[in-house]
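These are the structures, in structure tokens.
The following pair of complexes shares a single chain, subunit A, combined with subunit B in the former and subunit C in the latter.
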Partner chain A sequence: MIKFLILILGLVFAGTPYNQKKVLVLSDNPAIYVSHSQFFNLLSKSFRVDYKNIQSNTFNLQLFGEWQYDHLILFSTTNDLKVSTQELLDFYDSGRNILLLGSTDQSKYFRKFLNSFGLDMHEYGSSVVDYFNNIKGNQNVVTTSNVNILKVDKPIAHQGAGLAMTPYETFQVYGLVRGSETAFSGPNLSHNIIYVGATQGRNNARFVATGSWEILSDEFLNNSNLGNFELAQEIILWGFGQSKILKAENLIHRRLDSDDIKPYNYRLREDCYFSIDIFEWDYQKDQWVPYVSTDNDVILEFVMLDPYYRLPLKKGDGAKYELQFKIPDVYGVFQFKINYLKPGYTFLKIAEKITVRPFRHDEYGRYLVQAFPYYFSSFGTMAGFVVFLIAFLLNK
Partner chain B sequence: MSETKFVDENSLLGIAATFWQQYSTKTPQKLKIMDAFSLYCFILVIIQLFYCALVGDFPRNSFLSGVFAAAGAMIINICLRKQLNPETKYMSISNERAFWEYLAAMVVLFLTVINFLG
Partner chain C sequence: MSSEEETQQSLPYKVHKSTLKWAPVFNMTILLSIAIISCLIRVFSVIRYESIIHEFDPWFNYRTTQYLVKEGPYALWNWYDSESWYPLGRSVGGTVYPGLMMTSGMIYWVLHKLSIPIDIRNVCVFLAPIFSAFTSLAAYGMTKEITKRSEAGLLSALFVAIVPSYMSRSVAGSYDNEGVSIFALVFTFYTFLKTVNTGSILWGVYTALAFFYMVASWGGYAFIINIIPIFVLFLLITGRSNSRIQVAYNVFYILGTLLAMQIPFVGFQALHSSEHMASHAVFILINFLNFFSWIRNFVSKKAIITLTKFLIVFLVFSILVGVVILTLAGKTQWSGRSLTLLDPTYAKKYIPIIASVSEHQATTWSSFFFDLHYLILFSPVGLYYCYNKPTETKIFGALYTVLGVYFASVMVRLLLVLAPAVSIMAGIGISWAFRKFAKSVRSFILPKIEKPKKYRIPPEISIIGLVILGYYCSIYVLHANFAGSEAYASPSIILSSRDRQGNRNIIDDYREAYYWLRMNTRPDDKIMSWWDYGYQITGMSNRTVLVDNNTWNNTHIATVGMAMASSEEDAFEICEKLDVDYVLVIFGGILNYSGDDINKFLWMVRIGGGVYPHIKEEDYYGKGTYRVDQYATETMTNSLMYRLSYYRFDEVQTAYGQPKGYDTVRQAVIGVKGYKLRHFEEAFTSENWIVRIFKRKQRENRDGVAFTSKSTSQFTIPKEFSPVTKFSKKANTKQRSTLNFQNNE
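Up next is the complex of A and B:
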């Protein structure tokens, strides 16, 4: 009987895997549990969610040096958090992701926190206005179709303030959802307004920030004409480290005609073969699948202080990216470098050191035709010397 | 004592003519042989440099060894000539000793050249 009960309990709890990641949701307005219920439903499907009040003392980000949560969602407030900005930044530095839902009346704490990530909030009390791309003529509820990196088909609605970043995409800070051409907010115009911005740190931790709470609220998520539901799914996938994660392993370099992997050193002008396996995490299949780069853009650099070669790797079977090339006419300590910074994907930075030695004394070309004058002159000098000796010594 | 002068003694041609006349009468036969060998080596150097300017010094080791064989032989020869000429002698070494040193230097030079030639 006891065994039967244990079996039943085991089957019940098998549906709730306890190795899921934990998300902490901090806010000070209990109304969000109603107005963002769809979003939290989506979240609970793949994470264990803890809801805490920002001002309460019942949560600890860190307990005895161990982080208690894997991801963090912040709903911004008009007051400061009891957790310091430095602790939040340490949370981010440890590789954990943060989603910040800002609002136009958020306190300076959140504005400064946003600044650490290369994003900036618009002025206090401002909101984005668009007379052309809006919903039902309400110029405050704006829509846009300008989406980077995430895959959303339908227009996205937004109501509230906007964020600002550089007018161009950088390799770390992305404008995931940018305003449409006719939107403005105070003195800022069109493509410079960000509705959802993101930063990926060098440790591949991701930070997503929005300008208002409404972009993920139920009234937009339930609207099937808008893409907000897909946006919410994509933010949960991308922002919490489930999609567009790359991994590279199995780096092989060898001489073209031999099978020894990673030989001790190479010689000038030898043929070299390099290959690496690049995988992408597939969250649906829960495994690593081969990464397919769209436009031949995984580039291998062969560097000694300056890159001597910069060549794209060719896709081979499975996850293999490979290349054959000829080592240049220079000897020294080189590095195979891959610096793959595709926007939206985790950064791939790989460096592998090899040595290239000069020719050994007997590896130079012999009896080259174009060196004949030099051969002739050397032996001619010796012959002349012998003749001179004879003439000199036999002369009276 | 009085030679008929066909050219003006202070012009370039005059200097060359005087030099040639003095050289061919005053220097001993042995030194002239040494001078001939030095001139031969110098011509070899010039030829090689001309060839290198044309084609480039691809097998650089070969180029260096060819040039240094000829130039080095010339220099060592000039050193021996200085020793053997009583006017320009330096260091009080006997002539035989100078000649042995000359031979040793030439042997070392040729060994190096052959080694470096590839």
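Up next is the complex of A and C:
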């Protein structure tokens, strides 16, 4: 009977995409489900989506220490929340992704929240104005083609507040969609406006924030002249960890003339072979495929305190990146380091420690040609001494 | 005749006669007892504590010996140790004096061949006491070579056996180079003096071999390679040179230099280092003079005089020019430690890392007296005896003492070299005085045997003199006993204290912490601590350290010093660059343990500042003095060392009648309370807080930024941006910040 029940249960759950990732949408404005129906349709194609009121007690991000969702979408203008900023940050720091839809009257709560990602929102009530790139002469509905990381061909429409980011761009914070040259915002005319900003944490969790929620609204998404539909797709793909995901495995280093993988140590001036496989996640095929970097930018560093080598890895068969080089004439504890921080991609930080030892006492060359005068002189002295002794002893 | 026979039959004469008969037996018995005593007096440390390796350097020697026993001598020679000096590593085989390890390895192997399964630790612990017995035997021989008298030899042997200075380095567990090399030193001198006395080439070879053992075991061999040439030069100048001296010196020099080159750590330094220059010069000089006196047989007297003048000027000039050229060209160099010996202020001025070591300080009178006690009072008597009727060997003894006094005054640790000399001189002096007194007494009791002399001390005074000398000797023995059982018995990694009832409490924080590291950290974790604890951490915790007591790389030590002296943010950057996982600090504020890191901190600042000039010593002085209370400077209270040492210290009450956070060592209430650490977290604190270990946290997931203004409209172009890091309000703005966002005001 029990077996049968398990079988039934198994059949039931086999039918549903059980291992689909779960998305929680937190909002205090039900209107968004109407105005953004296209976006949520897109979302529900690949995720299980839960819609909750951010001010209610009906959801638990965390239950018994387990995170209940994989991704989070926030849209709210209120300060009065049932969830603390710290909990949201913990959610992110645990490796999960967050999408924040901004608004011109964004609350202080979310402004602070944005700040902890190195982004900031423009002033209360301010909105972006562009007299040159806009739709139908309406300077408040601005367009831009300035898109980084994501792949959008058509111009993108935006309406509402803009974002600013840390003045010195770190490798972690990106402006995915930036305003055009002629866009400005606020009473003090700030340029360098970002419409969609993003942060990738050191744990590779992704955070995407839009300056306004209109950018993903049906109005723009339905307009086939605009790239907002593609943008929405890309934001879901990138922001929720489906595209530009890399992994590195199968790190191999060995002496060039030996098959002994990862030897205990190397001797200085030995020839060394290094290879590593780098894969990219293909969400369409649902499998890992070899990652092909077009820019020859996978750099291997051979470091002891400072890099002794900094060489691009060569693309080999399949996913293999390889290199052979001569270990420098210095002994110490070296590290093979790959610090691949390509914007938009998963950060690859790989460090493998090895010891480079000096020559053993019997590894130095013997009977060097340039030392022959010395050999000759020492043996000559010995022979001369013997001859002298004989002569001295025999001549009385 | 009959009356004389009668007197011969009387008791004092019988006693005298049988004493003379049994004298050699007494002699040997006493010598044996001295050897046994010298062993036993050094075992107090094991009785009071346990059979454990002491202090700092012995831990490295112990670890190396373990490696040697496990892997064999060739492996030791080629040992590249990647667990110390991360990430530079240390090529141990080429930077170590292997004599000590080879000795205990040899003992270990022999005992195991004899099926005695002794632990290598016990071999190491008891090696120094055993060698001290040999030292007393060698001192006996050396004194006998100097004076030709066994009673002087016996007294010297006794004095050497228990001299506190030597004991401080050779108690059981003090497994250091000095433990065996003082024996090698005295033995080399003994064999050399034997050669000088006999002129035998065989003994010359023995001298070279003894010297080889000395070179193999301690850098202090430079003392021998300098004092023997000085001695020979002295004889040459005073015209006392003869063929025995030539034989002794030539055999010693040629074989000794060749053998010294066989030690990898010495190698070609034996030819071109400045420490060896004197020996080369004297070798040239003595053979040149020999050659010259041979030529004299063929040349007229007048020609000889001009030739002599010319040649002497030429020789002295060429040697001087040679040395100057070599020094200027950098072919020969004085090591920092040698230069400190020649100019005692050198290290203080230029090499803080040498000056920071307590055993490199100039010797105080109190430590002279504590370590040598009455011997310093008696050794001038021996010196007087040596200068009174000089022979070659007496001159050597006197020279050794005089030079030893100089070196011992410059550095505390060189008291050790002086100790045998002073003991021997005091032995000679006291035995001489004894002899004078005894003769007078003897002539009183046995008037027939001792012929009366004009200047003889009256017997009453002699007896008083004997009693006084005996009293002083016994005081010395008692003092040495105290030094051996109390002062020098402490292993320093185990502390002990007495409470009011007089009970001994063992404070075992060091081992507690090192054991914690061993059991709770990953095998390849790196521990950052000040270099004093490096050997202990690698030895006891088996973890990688950045710097250790082999202070071969000043820059690396300075980097650690800089990390300790920097603010937490900057220190984090340095630690991350060096892959540091844990930071270990020693803190004595609770237990009034004054040898802690806060007290050593100024040296970290000085050494760090020597390489990284942005660290300035005066930044750490509040109101002109070094302090930790509320007047301490911001740089001081922000430094990593301060933050880690006093983390949560304000929550404990340490002394009665004082507020919380009262530091018992500095006798002040700490200046900063209730702070939190951002980049480090407390991982372990030992029972009495002596050892505190902090883990370096991972870099934060996000670089959050607090904007100065809620209005982003001020953010027009990057130059006008004035964001500050969230935490820079706390941080000292004077300090170098390597964070991304700096205060642009």
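Note that in this section the second predicted complex is superposed on the first by the 342 of 396 C-alpha atoms of A that agree within 3 Å, B and C clash if a C-alpha of one lies under 4 Å from a C-alpha of the other, contacts with A are read in each partner's own complex, and residues count from 1 in each chain.
In this text, a contact is a pair of C-beta atoms (placed from the backbone, for glycine too) under 8 Å apart; a residue touches a chain by one contact, two chains touch by 3 or more.
Because the structure is predicted, anything quoted here is derived from the model rather than measured.
Trainee: On the A-aligned overlay, A:Arg357 touches which partner chain: subunit B = first, subunit C = second, or both, or neither?
Mentor: The second partner, subunit C, only.
Trainee: Taking the superposition on A as described, I'd like to know which of subunit B and subunit C A:Asp93 touches: first, second, both or neither.
Mentor: After superposing on A, A:Asp93 lies in contact with subunit C but is clear of subunit B.
Trainee: Looking at A:Ala164, would you say it contacts subunit B, subunit C, both, or neither? Reply first, second, both or neither.
Mentor: second
Trainee: Between subunit B and subunit C, point out the one touching more subunit A residues.
Mentor: With both complexes superposed on chain A, more residues of subunit A are touched by C.
Trainee: With both complexes superposed on chain A, which partner does A:Leu305 reach: first (subunit B), second (subunit C), both or neither?
Mentor: second
Trainee: Under the stated touch criterion, which partner chain does A:Leu368 make contact with: subunit B (first), subunit C (second), both, or neither?
Mentor: Touch status of A:Leu368: first partner only.
Trainee: So in the superposed three-chain picture, is A:Asp120 touching just subunit B, just subunit C, both, or none of them (first/second/both/neither)?
Mentor: In the superposition, A:Asp120 touches subunit C alone.
Trainee: Please identify the positions on subunit A that touch both subunit B and subunit C, taking each partner from its own complex.
Mentor: 361
Trainee: Hey, which residues of subunit A end up touching subunit C in the complex?
Mentor: Residues in contact with subunit C: 89, 92-93, 111, 115-118, 120-123, 126, 164, 166-168, 170, 172-173, 185-192, 199, 201-203, 205, 265, 304-305, 331-335, 353, 355, 357-358, 360-361.
Trainee: List the residues on subunit A that touch subunit B in their complex, please.
Mentor: 361-362, 364-366, 368, 370-371, 373-378, 380-382, 384-385, 388, 391-392, 395
Trainee: Spell out the part of subunit C that touches subunit A in their complex, as residue ranges.
Mentor: Per the touch definition, subunit C meets subunit A at residues 74, 77-78, 80, 82, 86-89, 91, 93-94, 264, 524, 577-578, 698-707, 710-718, 721, 723, 740-741.
Trainee: Tell me, which parts of subunit B touch subunit A in their complex?
Mentor: Per the stated touch rule, the residues are 29-30, 33-34, 36-37, 40-41, 44, 47-48, 51, 55, 58-59, 61-63, 65-67, 69-70, 73, 77, 106, 110, 113-114, 117-118.
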